[in-house]
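Got a structure for you, questions after.
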Amino acid sequence: MAYEIKVNGEIMPIELLKQEGNNVSVNINNKSYEFDIVEVEKGIYSIILDGVSFNVELTPNEYRKYTIDTLYDHFDVEVIDPETRYINNRKGGHEDDVNYISTPMPGKIVKILVKAGDEIKAGDTCVIVSAMKMESEYKVVSDKKVKRVLVKEGDSIEGDQPLILLEDI
Amino acid sequence: MIEKILVANRGEIAVRVMRSCREMGIKSVAVYSEADRTSMHVRYADEAYCIGPAPSAESYLVSDNIIEVAKKTGADAIHPGYGFLSENADFSDRCEKEGIIFIGPSSYAINTMGDKITARKTMTAAGVPVVPGTSEPIKDLEDAVSEIKKIGVPVMVKASAGGGGKGMRLVEREEDIISSVKAAKSEAMASFGDDAVYIEKYINSPHHIEFQILADNHGNCIHLFERECSVQRRHQKVVEETPSPIMTEKVRAEMGEYAVAAAKAVNYSGAGTIEFIVDDDLNYYFLEMNTRLQVEHPITERVVGIDLVKEQINISNNKTLTYKQSELTQKGHAIEVRIYAEDPDNNFMPNPGTIKHITEPLGLGVRHDGYVYQGYTIPIHYDPMISKLIVWAPERAEAIERMKRALYAYKITGIKTSIPFLNKIMDVPAFREGKYNTHFIQDNQQYLEPQKKSTQKLKDIAAITAFLDYLTEQSEIKPGNGDAKSEPSKWKSCGRKRGVSRL
Amino acid sequence: MIEKILVANRGEIAVRVMRSCREMGIKSVAVYSEADRTSMHVRYADEAYCIGPAPSAESYLVSDNIIEVAKKTGADAIHPGYGFLSENADFSDRCEKEGIIFIGPSSYAINTMGDKITARKTMTAAGVPVVPGTSEPIKDLEDAVSEIKKIGVPVMVKASAGGGGKGMRLVEREEDIISSVKAAKSEAMASFGDDAVYIEKYINSPHHIEFQILADNHGNCIHLFERECSVQRRHQKVVEETPSPIMTEKVRAEMGEYAVAAAKAVNYSGAGTIEFIVDDDLNYYFLEMNTRLQVEHPITERVVGIDLVKEQINISNNKTLTYKQSELTQKGHAIEVRIYAEDPDNNFMPNPGTIKHITEPLGLGVRHDGYVYQGYTIPIHYDPMISKLIVWAPERAEAIERMKRALYAYKITGIKTSIPFLNKIMDVPAFREGKYNTHFIQDNQQYLEPQKKSTQKLKDIAAITAFLDYLTEQSEIKPGNGDAKSEPSKWKSCGRKRGVSRL
Amino acid sequence: MAYEIKVNGEIMPIELLKQEGNNVSVNINNKSYEFDIVEVEKGIYSIILDGVSFNVELTPNEYRKYTIDTLYDHFDVEVIDPETRYINNRKGGHEDDVNYISTPMPGKIVKILVKAGDEIKAGDTCVIVSAMKMESEYKVVSDKKVKRVLVKEGDSIEGDQPLILLEDI
C-alpha cells in the first residue's frame, strides 16, 4: 500500500513499517522514526520519541484531511491513498483547483454582489460576509464566470461551505 | 440588602459576576438570547430566562425584556457587566424608576463622562490635567496659529466636523504651522463643508495608563492604583499589567489623586476607571472615564487583594467602602492577556466554531476567567473573546515566565486563538524590558509575525500522527484489512484502557 | 547551575514541580511506571522514560533505575516530590555519590529527623519544647508514679514494646495514677512479655500546627509562618489553612523561632516542615520534622507570596535565600482541600476509575493543582488524591465562601470523590468559627454524614433526565420508533448544534 | 408504552407527554413537569424548570441503568420498560437477587478464602481485594454454596465484575 502524505503543501511518501502495542515504526521520505504513541484524550496524542515528550492535537476535517497542532506549530495534513494518488496523477495534479467561493469560518451573508451568468474580473468582490461584527469581502483571484449563487443575503453559513460556484472563462 | 441580582450580560463577565454573588450568598439570575441557551452563564446561574433572538439589539440590549425578567424574578439589582447596557444612562435611569438597583453610576455620571467635550470641560474645572488643546472649534487661521504656538509642537490639527482621518494634520515643526493648518482647513471644507478645526497636543510616544477607582454613596472615594494597557491592536487592549513598568511612586500618587478628583467631580458611585494618556517623560493627561467594570479588572484584584465585584455590590447596598486609601498597597506584579477566537495567521479574523477540546492552565499564580467548555459552540453574534488569563508573581520578570508557562499549558482545539500571538508578545525584547507604548505591536512586527518555518522533525511527527489516525479509522471502517503489518487500532484502544487492563 | 531536573515522582506534585522548572527555563525529565504512560506528568515533561512495572516498589522506589535515567539524560538534579524516595536517606547519599544534586536535605538531616527518639533528643538539646515525658523506658512502678507526678495529669502510659493500643492507659486524675500504671504494666507483660512503659503528657484537645522553613547552604534559615492542619481523617490531613485561627502574634513568633532552631540543629538545607502539637492554651511541643515539600505547601505560597519549589532549586544551586525573615508577612487567608477519588457514602473507600468528564473551578482567588483529565484512568497502584484546591481571600470567612463556590463549580463524573464531604466541612459551625482540633471529624459526625434525603423535585428531575436519555438512545438504536409523541433525539442534536444552526 | 422508573429503590410510573425542540413535558408519579432540557456536554444536561437552572450529570452504567449527580445529590436510576416489568412481575419482584460476589471498584485479588463446592455461612469472608493500598473483605450476607470461583489470587479486576458465583442452599 503506497501512501503519500501532504504536509503544508509538501508531498512525501510514508509507510508503516512495524507496530507492537504503542510502539510504532514509520518511514517518511526515506527517514525512519520509532515512536511510543498513545491517544490520551480524544484527538490528543502523547508521543515519546527518543525520550522527548511531544503533545500533538489532531482535528479531523474532511475525509483524509487533518489539522495538527503542536506546541508552537500548526500543520495541514492530507493522507493520499493509492487510489486518490492515481486519480490525481491523471488530472495532472490539478486537484486543488476548486471553482467556488467559500469562507474559512461560519458567518452571515451581508451582501451578494454577483448573479449567475456574470463575468467577473480578478479582484472583483463577489460576496461580503460578517462574523462577530467584522465584515470581510471575498474576491476572485482570476477572471471567472458565475455559474450559480448558492446562498442569499441574510443566510447563515458554515465554514468551508460553497457559496458561489464559478467556472473558468 | 441585595438578595438577588440579575446579570444583564453573557460570556466570561456574567460568570465572573455570578461567582462573587455565590460567595456572598446572593442568588443570580441569567438572561440569555436564543443563541445562548448552552452558554455557561445560563448553566451557572440559579435562574435563567430567555430574552429574545440572537442579535444583541433584539436581546441583550432590550431594556424592557431585562426589566421584565428582573420584576418577574424579584431581583433587587441588575449588574450590567461591561459592554451592552453598562454605559447606557437611560437604562440606569430606567432601573431607578422601576425601583431596581443599577449596579453602576447614576445617569448623570454616565452622561457627563460619556460625552468627550463635556467630560473635558468637567475635568478641566476639577483641575485634572487634560491633553492641551482647544475646547471650541476654531474658524480663523490666525487664532489657530497662535493657539498652536501656545500649546507648542507637536500638535494634531483635526477637522471639527471630521472623522476617518480626513482634514487631519500632524504638525511637528514651527515652520510648518501655517501650511499645515491651511491644508487641514481646505481638506475639511472639501470633505465636510466646514473648515473649523480643533487643535490638540500630539503625544509622540503615548502610553495608555488607567486608574481603578471605587466610590461609595457617602462621599468616600479611593483609587486602586494603575493598570498599564499600552499593548493594543486596532485600539483593542491585548495585554494589561500592573504596576506599570514606567510608573514612579511620585507620579502614581499624583495620578491617583487626580483619578479620585475626577470621580468626585461627577459624584461617582461604584467602580470606574480613569484613563490617562502618558508620554515618555511621565506627563499625563485625562483621556476618558469608563463608568463600569473593565475587562482587565482582575490584575488590580490580584495585586491589591480586593474583589471588585463584591465592592460594587457593597456600594450598591449603600455601605461605606471596605478599605481606606492608606490601607491599600500593591503587592507583586500581575499580567492579563485576552484570549480571542481569532486566526493570528489570517489578519486576526474572528474564528468562531465548536470547542473540540480544552485544557485550561492551572497552578501557582494563575487565574483563568473563561466561559467556554468542550463541545461549546461560540456564537457568531458576540465578541470573540473566550477568556482571560491572569498571572501573578512577586516580580515582573517572573510573572512573564509564568504567563509563558500558563500559555504553554492552555490548549484549545476546534478553533484558532490568539494564544500563539500572545506567547510571542511575552518574548519581544521591548515588552520584557517594559519599554513599550501604544505603538508596540506595529513597532515589533518582526517579532510577532506568524512563524512559517517548523523543524523537519515536527513536520514528520505531525504527518505520522495523522497517518496513524487515518489507518486506525480505516481499519475500524473495514475490519480485516488484510495487511498483516497494520493493526493500527492498538494504540488507541490500548491507550484508553491501559491504566486498568495492563496490570 | 541546574539546567535539567529529573522529577522522581508522579501525579499532581510531579506536574507542580515541572511548572516551576518551566518558568525557570529548566528542562524537566519525567520517569514513569508502565501504569503511567498516559499520566499528565509524562505529557507535561520535556523528556520521559519508563522505569518499570506498575507497583511502586518496582518503579518509583527503584533508585538504580532513576539514577540511570538521570545519567542517560544528563540531568543535574533530582526532585523527589513528596512520598516515594523523598525521605530516603540512602537515596540522598546515592545522588551525592553519583554527582547528581538531590533537591532536599542531607542524609544526616533525614536520618536524625526520621527516627523519633533521636529527633526528640536532638530537639531537647537544641532547646525546642517537646511533649513532656520519659525518654527511656521505665520498669519500676515507683519511678513511673513519681515521673507522672512531675509531668502532671493528664498523661498517657504506653507499653514500651507496644503498639495497637495494647498496654496503653490514659490517666486523667491523680487518684488513678497507681491503678492505671499497674493495669498498663500487666497488660504490657501479657501482650509483649515486657512491662516497661513510657509516660507522655496527654494533650487533651490537640491541634496540629506546622511551620514551613527554608534553609540555604550558607547558614541562613527562615520560617514562612504556620499551617493549621487539624482537620484530619485517619491521621490524613483533609483541610489545611493559614494563618491558624487559634494563633496569636506572640506565639507565632516564638514557634517560628523554635522551628528555625530545630532546622539549624540538623544543619538543614532546603524546604522542610516542623510539626507541632498545640493545646487549647497554645502550649506547643515539637512533634516531628518532614524533610521534604508538603502536600499543603501551596497555602503558604499564596499567603507569603513565594514559590517554594523555586526556592528549593535556588538553594540547591547554592544560592543564598531570596528573602530575609523581616521581609516576610502573611497576607490574607488561604485554605486547601485535598480531593480524593473515594466514596464518602461508603466509608471513604478508594474509588479509582476513568474520568468521564471534568470541569475545573476557575476565577478570582482559586488555584487548582491537579493532574487528571477527561478520559484519564486513575491507576489503582498509587495514592487516590487527584487534586488540591486552594483558595485565598483577604479574610477567613470570605475564603470559606470562596472554597464553597469553587467546590460548587468543580465537577467530575466517572468516579466518586470527596468533594461533597469537603463541602459539608465548610459548613460545620466549629469549622466556620475556627474552633476545632484533631478530633474535629469524629466530633462533628452529625454534620458530615452523607445526606440521605433529597427533595422530591430533584429526585424527579434525576428520573426524568435518565428517562429522556434512555428514550434518545432507544430511538437511535431503532429509528422510526413509531410513537408520534416521542422524537427524543431532538434535545440532544439540537443542543449540540444550536449555536450555529439556529440563526 | 407504560414505563416505570426506579430512583434510589423507589419505583414510579413515568410518561413522556409532549416534546417540542428543547421543551419537554413529562408526567412522573402523577405529577407533570415542563422542562427546557439540553445536553450541553456529553452526559451533562442543562435543565431550566420554571426559570430555575439545574445541572445534571448522567453516567450510563449497565443497560437501562444510570448514575445521576446533581449539585449535592447522587441518584441511582433504572428505566423499567414494559417488557422488563412483565418479567419482573412474574419473578415476584426478585430481580435484585444476584447470586455472585463483586466489588464496586477495580482492584486486585489479594486472597481467595473459598473454593467451588464449599458451603459457607452468612458473614463468612470469601475474598480480599486491594485497591490503592487499602484491603477490603467481601462477605456473604446469607448461607450459600460456592458454585464457581472466576478469578485467582493476583488477578486484576474491574468494578462490578462477578468474582465468585454462589447458589442458595
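Labels A, B, C and D are assigned to the chains in the order they are written; within every chain, residues are numbered from 1.
Keep this in mind: contacts are C-beta pairs under 8 Å (C-beta built on N, C-alpha and C of every residue); 3 or more make two chains touch, one makes a residue touch a chain.
It should be emphasised that the depicted structure is a prediction, and the values quoted were computed from it without experimental measurement.
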{"item": "Of A-B and B-D, whichever chain pair has more C-beta contact pairs", "value": "A-B"}
{"item": "Most remote chain, CA-based centroid, reference being chain A", "value": "C"}
{"item": "Euclidean distance of C-alpha centroids - chain A vs chain D, Å", "value": "46"}
{"item": "Length of the line joining the C-alpha centres of chain A and chain B, rounded to whole Å", "value": "33"}
{"item": "Length of the line joining the C-alpha centres of chain B and chain C, rounded to whole Å", "value": "38"}
{"item": "Chain B and chain D: spacing of chain centres that average the CA atoms, whole Å", "value": "49"}
{"item": "Touching two or more other chains - residue numbers and ranges from chain B", "value": "37-38, 44, 373-376, 380, 408, 495-496, 498, 500, 503"}
{"item": "Chain D, residues touching no fewer than two other chains", "value": "22, 38, 40-42, 46, 55, 106, 108, 156"}
{"item": "Residue numbers on chain D that touch chain C, as the complex places them", "value": "1, 3, 5, 7-8, 10, 12, 14, 16-19, 21-22, 24, 26, 28-29, 31, 33, 35, 37-47, 49, 54-60, 64, 66, 68-75, 77, 79, 104-108, 131-134, 136, 156, 159"}
{"item": "Residue ranges of chain C touching chain D (in the complex, touch as defined)", "value": "341, 343, 345-346, 349-353, 356-357, 380-384, 408, 411, 413-414, 420, 423, 451, 454, 458-471, 473, 483, 485-488, 490-492, 494-496, 498"}
{"item": "Contacting residues of chain B [partner chain D, same complex]", "value": "29-30, 37-38, 42-49, 72-73, 373-376, 500-501, 503"}
{"item": "Contact set on chain A toward chain C in their complex", "value": "22, 36, 38, 40-42, 46, 48, 51-53, 55, 106, 108, 156, 158"}
{"item": "Contacting residues of chain B [partner chain C, same complex]", "value": "15-16, 19-20, 22-25, 34-35, 37-38, 44, 54, 298, 301, 305-307, 331-332, 354, 359-360, 362-370, 373-380, 393-394, 398, 401-402, 404-405, 408-409, 495-500, 502-503"}
